[in-house]
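Report on one structure; see the data block that follows.
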Amino acid sequence: MSLIAFLGAVELGLVFAFVAIGVYLAFRILDFPDLTVDGSFPLGAAVAAVLIIAGWNPWLATAVAMVAGAAAGLVTATLNVKFRILNLLASILTMIALFSVNLRVMGRPNVALINQDTMLTPFYGLGLPDFYVRPLFIGVLAILAVFLVWRFLASDLGLAMRATGANPRMARAQGVKTSLHIYLGMALSNALVALGGSLFAQTNGFADVTSGVGTIVVGLAAVIIGETLFHSRLIIWALIGCVVGSVLYRIAIQLALSSDILGLKASDLNLVTAVLVAAALVLPRLRRGRAAA
Amino acid sequence: MIELSNLSVVFGRGTPLEKQALSGLELKIEAGTFVTVIGSNGAGKSTMLGVLAGDVIPTSGRVVIGGRDVTRIATADRAKYVARVFQDPLTGSCGALTIEENLALAAARGRRRGLGLALGSIRRDEFRDRVAELKLGLENRMHDRMDLLSGGQRQALSLVMATLSGSEVLLLDEHTAALDPGMAEFVMELTQSLVDKHKLTTMMVTHSMRQALDYGSRTVMLHGGKVILDVVGESRKNLTIEDLIEMFRKARGGETLDDDALLVS
Amino acid sequence: MKLLTAAAFAALVFAQPALARDVTVDVTAIVEHPALDAVRDGVKDALGEAGFKVGENLTFNYESAQGNPGTAAQIARQFIGNGPDVIVPISTPSAQAVVSGTRDIPVVFSAVTDPVGAQLVKDLKAPGGNVTGLSDLSPIGDHIALIKEILPNVKTVGVLFNPGETNSVTLVELLKTLGAEQGIAVVESPATRSSEVQNAARALAGRVDAIYVPTDNTIVSALESAVAVAVESKLPLFTADTDSVSRGAVAALGFNYYDVGKQTGAIVVRILNGEKPGDIPVNVAAGTDLVINPGAAEKIGLELPKAVVDRATKVIK
């Protein structure tokens, strides 16, 4: 694997770390299986791309993209909380609707950003090659996101959100407005996913409606790899695990692409993903089995 | 002060499974009173506590706590007045959170939850002291997740949680039923001391006639969703467990009780 | 063997400077698809004909992104890291991922409908920089002419397409503009996945005089559902994809994607021989095949004009 390919994998892993953290919030903290992310990832990409092309400041465009993602999360939460649609189904409905929304936002299926100034443009000219600048920049953002989410989950509000997912009846008895926390958590989760989408568009030069395909699987894979690696009950390690898991996932794929090593092709990626996730699920059980023996 | 007036609850109205759980129940409890509640299975005891906590919205009637009409107020919004310990130790605390996080969650009951750290060093010390009072050694396990503890330890902590944020009312629904006799005894003593210390208006549902008479100052018997017996003061002092069982039997129109043995325990 | 040696000798004699060294060409496409695969094979064969042979002096890598733009980005980084002599991305997202990642490795894109809209190049005539390529913008004007020739009284044409495919959207816009000039109204019927194609086709029955399918991966993959509806409602089905004719379309005027690949390969060869990509204009692929299916026409009671039959490059029996 070349250095550029390696750093490219790290960069993409860091972009998807935001997705992993979002998925962790929904699946693990709120216990809400949320497929909205397959739509909010391209939504973030679409909103950021369209606004940047319209001449907005890329940072502002990215902020609006996050707000759009949050709105998508709120729609899913509303369908679930207010209209009592099963959580998984509610998220599928939003995901499907977002396909049309994303097309509307972009006006066509693909919007190019190759020649536009992005959040990263000011850093490209500082002497480092682009392929270092991108992972460094996104890495700093990812560290920031890990810290902020960790700090949030350690607050009174965050604690209430964790209780909402883990034991809603107890949470209500402790004065926690559980539905409010579902709204809040879903908004936060999808805002992070949209941030990932917006960064994907800005680092790869395009937003495409199809770029949401399989986002949920990739996010889940990263969460699980992280949990297997760190094996800790502490939130901070789970969050760091999301980032590390996401990067490792991409490096594994890059290895598969350097076909001379394992004889694997890109067309084997789905299999590689499935094996990775399955291994991550089975390993802890094996370890536990050995400890018990 | 608690006031339940003309309270009715019908479950599954209009379905073949329609069930009247409470029918015109009337009950007034002075502030600071410890009331024990007895009654056969299905008498409506849990439903009554559910109505007080906000989990069950009454079909008709009024619920007043401390002068406030809370009939239509959601569980979470009245949690600041009402603390609760459930029969199942798993329900009353959050297994996925640590001991201190559970306490922090309870301590914030009735306050606005903001972005401040839930566990600053001051609060940590305060929680540790409160847990140390239990003398169960749990003060050294503040970072352990709740699901590593035994049912008794969890019930004891649930009681501490119930008293952390100055609620007026404490609702206990067979909260020792899942514990071994020794632990049940310990939790009952703890209950008594916490109720005394915090001057809580308490309603305790129990199937143990002994507990019903030994604790508190007033005993209420429910049947068919109504209060059919209400004893306080002298008449209660002279009451024996046998008397109580006799009344129980009379209340049910002379039916024999299959679970007499259980009631005496 | 003798022949091969002779050919190699001849190649050596007429050798361009590039032949003195080994070259690497990396090819990627967004998804495996007969048309895109044909482009890849065309590129490879064009290179071979110019003396760049796999196993001798050419390393030829190919990866498909399995329809996932995230994977496309990773493949792009992989190739850029390899530092080949030329990267050939096939389709718009693959091309964007490659072009955004490098400003020095020569890039020759192919099968991109709108290279300027996709921001691959700023100007088709003088691309500048490290990027050039070949557009596969369908000759929509010729398609309309063909439909008018076969159906002189055509008033409305229904178009089946996936609004999620960027190429299709460009083509439908063009169809509406050019159709309007010819007095033909265009009725859009979108299908976002292959399972929706049948319903989308049904929605056109009774409202149009003909159905038209552009080079749309979704619709082409489920063409049989469209054919069934067309036959049952006696509507002629025209496509831009020539392979669709043997599957039941009446006629198609379209690129032979293998040829598109060979034309792309020719550009790659020019670069390998020292030309700068920025100096090579981006052209629309040349040459189309007319494929007809008189049997399918007969099924709906339509007779193809003799001129069309005579002109056809291929007649499906």
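As written, the chain order gives the labels A, B and C, with residue 1 at the start of each chain.
Note that in this section contacts are C-beta pairs under 8 Å (C-beta built on N, C-alpha and C of every residue); 3 or more make two chains touch, one makes a residue touch a chain.
These numbers were taken from a predicted model, which means no experiment stands behind them.
K.L.:
If each step moves to a chain the current one touches, what is the fewest number of steps from chain B to chain C?
P.N.:
Counted as steps through touching chains, the separation is 2.
K.L.:
Between A-B and A-C, flag the pair that has more C-beta pairs in contact.
P.N.:
By number of C-beta pairs in contact, A-C is the larger.
K.L.:
Suppose every chain is reduced to the average of its Cα atoms; which one is closest to the average of all protein Cα atoms?
P.N.:
Nearest to the common C-alpha centre lies chain A.
K.L.:
Quick check: how many Å separate the C-alpha centres of chain B and chain C?
P.N.:
73
K.L.:
State, to the nearest whole Å, the distance from the C-alpha centre of chain A to the C-alpha centre of chain B.
P.N.:
43
K.L.:
With centres defined as the mean C-alpha position, give me the chain A-chain C separation in Å.
P.N.:
About 34 Å separates the centre of chain A from that of chain C.
K.L.:
Quick check: what residues of chain C touch more than one other chain, meaning two or more?
P.N.:
Not one residue of chain C touches more than one other chain, so the list is empty.
K.L.:
Write out the stretch or stretches of chain C touching chain A in their complex.
P.N.:
Against chain A, chain C makes touches at 32, 63-71, 73-78, 80-83, 92-93, 96-97, 99-101, 117-120, 122, 163-166, 169-170, 192.
K.L.:
With touch defined as at the start, can you tell me which chain A residues reach chain B in the complex?
P.N.:
Residues in contact with chain B: 152, 154-160, 162-163, 166-167, 169-178, 233.
K.L.:
Which residues, counting only chain B, touch chain A once they are in their complex?
P.N.:
Result: residues 53, 55, 74-77, 79-80, 83-84, 86, 91-97, 101, 104-106, 108-111, 113-119, 145, 161 of chain B touch chain A.
K.L.:
If we count contacts the way the header does, which residues on chain A are in touch with chain C in the complex?
P.N.:
It is residues 1-9, 11-12, 16, 99, 103, 108-110, 112-115, 130-131, 200, 203-206, 208-211, 213-214, 218, 250, 253-254, 257-258, 265-267, 269-270 of chain A that touch chain C.
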